[in-house]
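Alright, structures below, take your time with them.
Two complexes are shown next, each including chain A; its partner changes from chain B in the first to chain C in the second.
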Partner chain A sequence: MNKKYGVYICTGCGIGEALNIDGLSAAVKKARKTAKTHPFLCGKEGVEVIKKDIADEGVNAVVIAACSRRVNTDVFRFDGCIVDRVNLREQVVWSHPKGDKTLEIDHTQMLANDYLKMGMARIDKILPPEPYKLDNFTRKILVIGGGITGISAAIDAAKVGYDVTIVEKEDKLGGYAAKVRKQLPVNQPYTGLVPPIISDKIRELASFPNITVKTSTMVARIAGQPGDFTVTLKKPGEMIEFDVPFPLPPEMKVDSNGKELDKDKLIELYKDYNKGKNDILSFDPNGEKFGAVVLAAGWRPYVPAEGEFAHLGFGTIADVVTNDQFEAIAAKGKILRPSDGKEAQSVVFVQSPGMADDKDFEYTGSVTSLVALKQAKYVRDDYSDGKAYIFYQHMKTPGLQELFYKSLQQDPGIFMTKGEVISVSKNGSGLVVEADNTLLGEKIQVKADMVVIGTGMVPVTVDDPVINLAYRQGPGFRDNAIFNGYADSNFICFPYETQRTGVYAAGCIRRALTMEESIEDATGAALKAIQCLESSNRGVAVHPRYGDMTFPDFFFQRCTQCKRCTEECPFGALDDDEKGTPKPNPTRCRRCGTCMGACPERIIGFSDYNIDSIGSMVKAIDVPSTDDFDDPPMRILGLVCENDAYPAIDIAGLNRLQFSADVRFLPVRCLGSINVIWIKEALSKGMDGVFALGCKHGDQYQCHFVKGSELASIRMKKIGEALASLALEVERVAQFEIAIDEFDKVPKIINDFVKLVTDLGPNPLKGF
Partner chain B sequence: MSEAFKVEPDITFIKDICALGGGDLKKCFQCATCSVVCPISPDTRPFPRKEMIAASWGLKDKLIGNADIWLCHNCGDCSTKCPRGARPADVLSAIRAAAIEEYAVPKSVAKAVNDPNKLPILLSIPVVLFIVIGLLTGLLNFRPAGDVIVHSNFFSSWLVDIIMVPLAIWSTAIFAIALKRFLADIHANAILEGKTDKKKIDPVEFVKALIRIIPTILKHEKFNECTENRERATAHMMVLFGFIGLFIVTSIFFVVMYVFQIHGPYSQLNPVKWLANISGLALIIGSALLIKQRLSQKDSVSSYKDWTLLVLAFGLGVTGMLTQMTRLAEMACLSYTLYFIHLIFVFYLFAFLPFSKLAHLVYRTVAMTYAEYSNRK
Partner chain C sequence: MTADKAAPASGSILVVGGGISGLTTAIEAAEVGYEVFLVEKNPYLGGRVAQLNQYFPKLCPPSCGLEINFRRIKDNPKIKVITMAEVEKINGSPGNYDVSVRINPRYINENCTCCGECQKACSTEVASDFNFGMNKIKGAYLPSDLSIPARFVLSPKIIGTEDAKKCKEACKYDAIDLNMSASTMNLKVGAVVWATGWTPYDANKIDNLGFGRYPNIITNMMLERLASTSGPTCGKISRPSDGKAPESVAFVQCAGSRDENHLPYCSYICCMASLKQATYIREQYPDAKIYVFYIDLRTPGYRYEKFYQNIKEDKNIFFIKGKVAEVSEDPGTRNITVVAENAVTGAKIRQNVELVVLATGMQPNTALAKHPADLAYNEDGFIVNDFVKGGMFAAGCANKPADVVSSNQNATGMALKAIQTLVRR
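Up next, the complex of A and B:
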């Protein structure tokens, strides 16, 4: 690309008053580029100036020194041009005082100068992206699971014209929805139980010619990448050569002394471990092609371990059952006691295991509250004098199900109280339930014919990978334990997104949901699958960097086959071959750059974001030394996550919070993409400190890319050791956490670090 | 470890409370807003939150014999503020009606008094009694002689007392039986719920407590604490004082007639007559105001028991006053008829007092006395 530069400085929004614009223009001139200023660059006339230059003079590399790149994105988008936004407003003039001309150093002006130079350095090094196009692209959607969620997702996708295949491991469709006596209301007025709606759904499903149903079928493996998955199906229980291979468990990777085995030995062991199975890189020639997957494999009832809930009599008293067992009894007819077949006129529903803890049973959510209400209604429907008691710690009836709760409350034979059930014991042929801390103000005893314990719905991903992805990182979702085994990637921010691009979870595999919620969930996942297809086909990222046309490019000649990129990618986008050379799968990629941060050879980069572009920005920062000033100011590099930290800093500026002008912020896609070479460059250049500012990591992480900030923290620790060997204090490099709404913490984090570095004194390498 | 309370929900009781005007009781979700907003609820074991769950669990024993339901003066603050529309005030009111029904014997009478369908039968009892006894004894004269209207010429004072005196004794007896059980129950309940430090009820101390509480009742002090009740307090006080005044007048009349053999009607200048007229007016105006308030009240339930009491008080006052006025206006026929009706009201008042809402006069007094006695805080 033959670049023709144009630098535009806006003087509006207080920039002109706070800065010496001529000084900035001079800096641009020094870089042999021309600067134009405008008092209102985002206005119609201002944009016209840029457009005219593009049209008349062929400008195609535009640097806009104005407001944050998070605003006016549409205004400053010019097709065919690469654009860099220099943030003079939020991060310079709004967050720093106007320079005092009487003083020797104008800190604010120096900050603006540096940012402008960094912007120009970047634009020198980046190229416009060219989208990655798949050779074969398939629009078909695979739905795993033929329960109410899977059926609903299939119908939703089929309605808008997509071909869908449902695979169901049972011999007929319907799942649990077909096994219940009645179900919770799904429509106004939400006051009573309704007959199961699953048969209507199955009938509706049959009316779509573009839906294929495969019962008694399961997924043996899913190979390839979104838009071009090769799927091998099989009968349950079958062993075939395209069954997915499993990675070696950690204990097999080491010898008896705990030392990691060598590469060849590992390959040998791996082959042995997966005998009879083809490697992930050999594709099934008879495999079926799919573009995206909706994972709706659902749940199984929680099975208490032996002796678990002994205080509730479970396992020892026949008339103490789980809610799932009770549903099966109710579905057969009148509610009768399992022990002697007598009518169960008085039933106690226990919603929490008690034991001095107010936690509900595991894997419950709001569903078990609602199911207890539903089953209480069965008792009342079956017996006019029936009594149903519900002992809960939390009565969760979200949304309009509150109306159902209210209507059941009105039933004179349903009794509810918060309380801790202490024991269930036998009393003659009946049972006695004792509970403490009830709303009745004391310890109480209730006579019962049956006791039902509100155990949860275990997502099937707890037992089995289910999706059986032929990925080098393994067939299932990694780090699923922090989601209690649910197929999820973030509890709040990204519904339906799993840790694997192109696989979208819906229904009870994602969270304990009612059938009504599952139907809605199915729509969400179907839409996500469609979004995936309609992005992959254009070579753009799906999520969370939707529309990003770049993708990681590898300079394979220099690859040392260290496998770090393959292992660290949070989304399993890379599959390495036997030698360890990574095989990229661009449509699996979310463009976080974690691979780029991991690569010790620095051979991975994006067209507009790479080792060189960021490194050049670092180099563009002026580091004043004693040659320039008697008491030169500190220079600190802040590598900030553009998803949380960068917005937080902008908002701090918007609120006119002031912080040190000695820090130069450099936005990164994710802290995971930080390559330590940038930190080394900054320090060897004489900068006094470097910090990374990003989102929270750990079990409650807020990282857009799941593992990025966590990986960064590991790498930061490692670089600390290297610093010590250079006689630099480890404190000069740090990582801080911030959430997008914690803008008020920005000044303290920055100023505290500046103070810490100032106390350490200037970098001894300065000036060399 | 404390002994666990054995819960035996009584579904019939729940249905009864619903029928008596507490139909929303099951809507309660135990947030305790009611107990917080109640201006007269005590700080420890406050009502009506605990009564609400006891009611929705059908725990009859915890409610009927609970003095707290009588400490409530039914202002309705709780119903207004209840986020779920469970109307605790109406629920307590219904529980009180159930308690009256429970303690009064015979039960069948109590059932009949609270059943609108039985009203014609209840009203026909005095009519039949008056006519049958009157005709048998000859004390009822449908053609009273003389130019001056003297009601006893038509309906002999003897006849009135033959019927009314035993009736008063019957009422008192029923109350005595009921109160014995009632006191025992509320004491047992207070001990169980830890609302008292007293082991036994000491009669002397109890009477002392009664004397201490009477000014509170007369001045409507508790009643006035209820914010929603301010307006109603005056009207209620008028009705109460009207009844008290008329009770005094009747007693004086009774003594004067039997001891001094002086018969009515008294002169309008007689101070007793003044008291009678003032009390009668207070009763009429007070009850009329209460009726007006109930009619304009949209946020609380008015049930049959409420209306019977109000109509009874108003009817008593109006028929009494009109009887006197028509006598002075020398409208003989009308006056005698009104007198007959007035006596029916009086009969109803005496006969069904222990079974009707009016019994609150006795129960609430006893409950407030007990609270005073037992140091309920």
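Up next, the complex of A and C:
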């Protein structure tokens, strides 16, 4: 790209009053660029000035020194041009006092000068992105699981023209939905049970020529990347060479002293561990091509361990069963006792294991309460004198499902009470259930023919990765442990986001759901799969950087095969070969730049965001020394997450909160993308301190790229050695957490750090 | 080859309502490649969640996700946002709707830079609806810190006053147009998603719970604003009568919900909301006593259950199964006595507290006013979806009471339902 620069300085919104604009223009001139000023740059006339230069002068590299890039985004978007927005408004004049010209140092002016120089430095170093195009692209969607969720997802995607294949490990479709006697209502008014809807769904599915069904089939491996997955399918129980290899478990990677084994030994062990399986980088020539995956593999009934619910008689008394076992009995016909086949006219449903706790059983949800209500209704449907008792701690029928609960409350044969079941024992051929702290009295006893315990629905991802991704980081979703084994998203706002691009979970694999909820969830997952396909085809990123056309570029000649990028990518986008050279999979990538931050050789970058572009911005900052002033001000670099920290600083400015003008903010895509070299450069050129400001991490992480802020904090801690080699105190480098709504904390965080650094004294390297 | 038949990006989608559900439907559809019109009645986007301090169970700020969503909108020319607008009329059939949208005057045009000079010039103060009237704001104001569009608005209450003229004179950018009047915009769309959300049930209607009579009885949504940094007290939770830090707080669950006289259904979020709000109080007041009066604690699923179990560890939070029957005020201290019967022990409880929070439920906006469209509603005013007919769909809490995560799941799916309507043509 032959760059023709244009620098435009807005003097509106107080910028012109607070700053010496001639001074800024002079700085632009010094960089051999020309500046134009306008009192209202975002207005029609102001924008026209820029557009005219683009049209007449061929300007294509535009620096706009005005408001934050978070506003007027559309106004300052110029097709075919690269644009940098220098934030003179929110982060300079709105958050700092007007410089006092009578003093030796005009801090606010210096801040503006630096930001302008940083913007010009960046525009020098970036290029317009060119989208990554897949060599092969397929629009086919793979749905794993042929239960109600999978079937719904397949139909929803097929309706808009996509080819879909459902794989189901059982020999027929339907999943649990085909095993129930009746089901909960899926529609308003939610008052009665309905016959299972699954056969209608299967019939509807059959009417779509673009849906292929493969029963008795499971996924051996999914290799490749969104838009171009190569999938090997197999029969359950088969062992094949394209079964996915597993990474070595951590304990196998170390010797008896806990020291990491050397590379060759690790390779040998890995091969041995995965004997008979092809490596992830060897693609199945007979594999089927898919573009995206919906994971709807569902759940299995919880199987209590031996003696786990002994106090409830489970395991010792034949007529004490789980809700799943009860459903199987009910599906066969009239409800009969397992022990002697006698009619079970009185059934007690236990919703909580008790033991002085009001918790429900593990892996339950509102669906478990609803199932108890449903099964109580079976008893009443089968026997006119039948009685059902439900002991619950909290009847969990939220939302409109309350209406179903209410409809059963009218039934004189169904008794429901809060209460703790203490014991279940045999009484002749029947049972006696003893409960405490009920609404009917302290200790009560109920005679029953059967007892049903409301155990939960275990997501199958607890047992098995299911998706079997041929990814170097491993075959499953990472961090399912945070979610009790569910393939859930950590994000409330973005419930379909997982750490594996192009694979979207739906249904009971992400939490215990009713069929109605599962059907709904399936539609959302189908949409996300379609969206991922279309984005991959256009060469743009998916959420949260949807539309970003950049992707990481590697300068492989200098790669030392350290594997850090492969290991640290939150999305498993990189697979390395035996030597450790990373193989990028750009459509798996979410463009956070964590690989760029990880790389010690600095060989990874994006066209508009790279080691050089950010490094040059750091270098553009003036570091005054005693050559310039008797008492030179501190210079501190603040590397800030553009998703939360940068907006928080803007909002602080919007609210006219004031903070030290000694800090230069530099927005980064994610703290994970911070390369230590920038920090070293800042310090070796004499800056007095560096901090990173980003999202919260830990189990409740708020980082939009999952791991970025956490990885940054690890790297920040490790930087101590480098500082020591420069004879600098470790306190000069820090990381702080901030949430976007904590804008009121911005001044304190900044000012406290400036004070800390000031107390340490100037960087001794200053002026050299 | 499937290339030609898959989802052609033609036809556009109208999303009504710019809260979290509407934003989700609009953005998800646009990121597949469809053109979307997003119509919002308020001068800002974000809806109900914009008023929340934190989400349960992560205790993270809703503005974090809103910021990302707003960036997705700003970066995506396929989404056209129309604020201060309401659908006036809609005719047609699936795939082909003519919509007229009424746009109410903002009195501030696209020249606005958010410099804030009009606000400085304006002396009239009006009650803040955003903060449920708990404070006053200038008649010229920015609706929220994340405001999208980033543009001030003039309260209709100052139009025609000297103040309005002063605002106009103060504006250097000719952004104030006092003659602005309502206008109509006509749109042709193929599908419509109604994400018109909910309103907190009017606590004044629950006579026995004293709201409106006693200042120290507030609603859960008011507490969200009190806890928010951008709220009327800059985030300090204090009781309305005297600004005192409450040493004891009672949460009254099912204030209107699960009640034949008010809302027969469960409002889904209030149990978790109160537990979350207990953490707000605990954060600010380590020793405050918290009493939660409930019928059932509905914390379904592993994440909510875990949240509840953690809160239960707090020895200064007391859970009482019992519906609050009445409240009274001590006129001297303005403390409130909450009367309930413990459903398990049968004991009558009279609990004196300094602040009462009513966990009021959600009522669909369509219970208060129906849309000018051919839609089916249930008895409580929620829109019933008809997927066979298609064309128009309800997303989020317009369809049923739901938490944010379920609303987002639902709203994502509704984007596909809308696209199905377009493709079927």
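Some notes on this structure:
The criterion applied here is as follows: the second predicted complex is superposed on the first by the 669 of 768 C-alpha atoms of A that agree within 3 Å, B and C clash if a C-alpha of one lies under 4 Å from a C-alpha of the other, contacts with A are read in each partner's own complex, and residues count from 1 in each chain.
Here is the rule we use: a residue touches a chain if its C-beta (ideal position, glycine included) is under 8 Å from a C-beta of that chain, and two chains touch if they have at least 3 such contacts.
All figures in this text were calculated on a predicted structure; none of them were measured in a lab.
By the touch criterion stated above, A:651 is placed in contact with chain C alone, chain B being left untouched. When the two structures are aligned on the shared chain, A:12 is found in touch with chain C, with no touch to chain B. Contacts of A:95 after superposition on the shared chain: neither chain B nor chain C is touched.
When the two complexes are overlaid on their common chain A, residue A:514 makes contact with neither chain B nor chain C. Of the two partner chains placed by the overlay, only chain B lies in contact with A:443; chain C stays clear of it. Residue contacts after overlaying the shared chain place A:188 against chain C, while chain B stays out of touching range. A count of residues in chain A touched by chain B and by chain C gives the higher number to C. Once the two complexes are overlaid on the shared chain, A:60 sits clear of chain B and of chain C alike. When the two structures are aligned on the shared chain, A:413 is found in touch with chain B, with no touch to chain C. Common to the chain B and chain C contact sets on chain A are residues 406, 418, 439. Residues 1-9, 11, 14-15, 18, 26-27, 29-30, 45, 50, 53-54, 56-59, 84, 193 of chain B are the ones touching chain A in the complex. Those residues of chain C that touch chain A in the complex are listed here as 2-3, 5-7, 20, 28, 31-33, 53, 55, 58-69, 71-72, 74-77, 111, 113-115, 142, 145-146, 150, 172-173, 228-230, 234-235, 258, 264-268, 296-303, 305, 309, 321, 343-344, 378-379, 382, 384, 400-402, 404-406, 408-417, 419-420, 423-424. Of all residues in chain A, those touching chain B in their complex are 385, 387, 406, 409-413, 415, 417-418, 434, 439-447.
Contact residues on chain A toward chain C in their complex (touch as defined above): 12-14, 39-40, 42-43, 67, 70-74, 138-140, 156, 159-163, 187-189, 210, 358-360, 363-367, 369, 392, 394-403, 406, 418, 437-439, 483-484, 486, 488, 490-496, 511-512, 517, 520-524, 526-528, 530-531, 534-535, 542-544, 546-547, 643-644, 647, 651, 654-655, 695-696, 700, 702, 704, 739-744.
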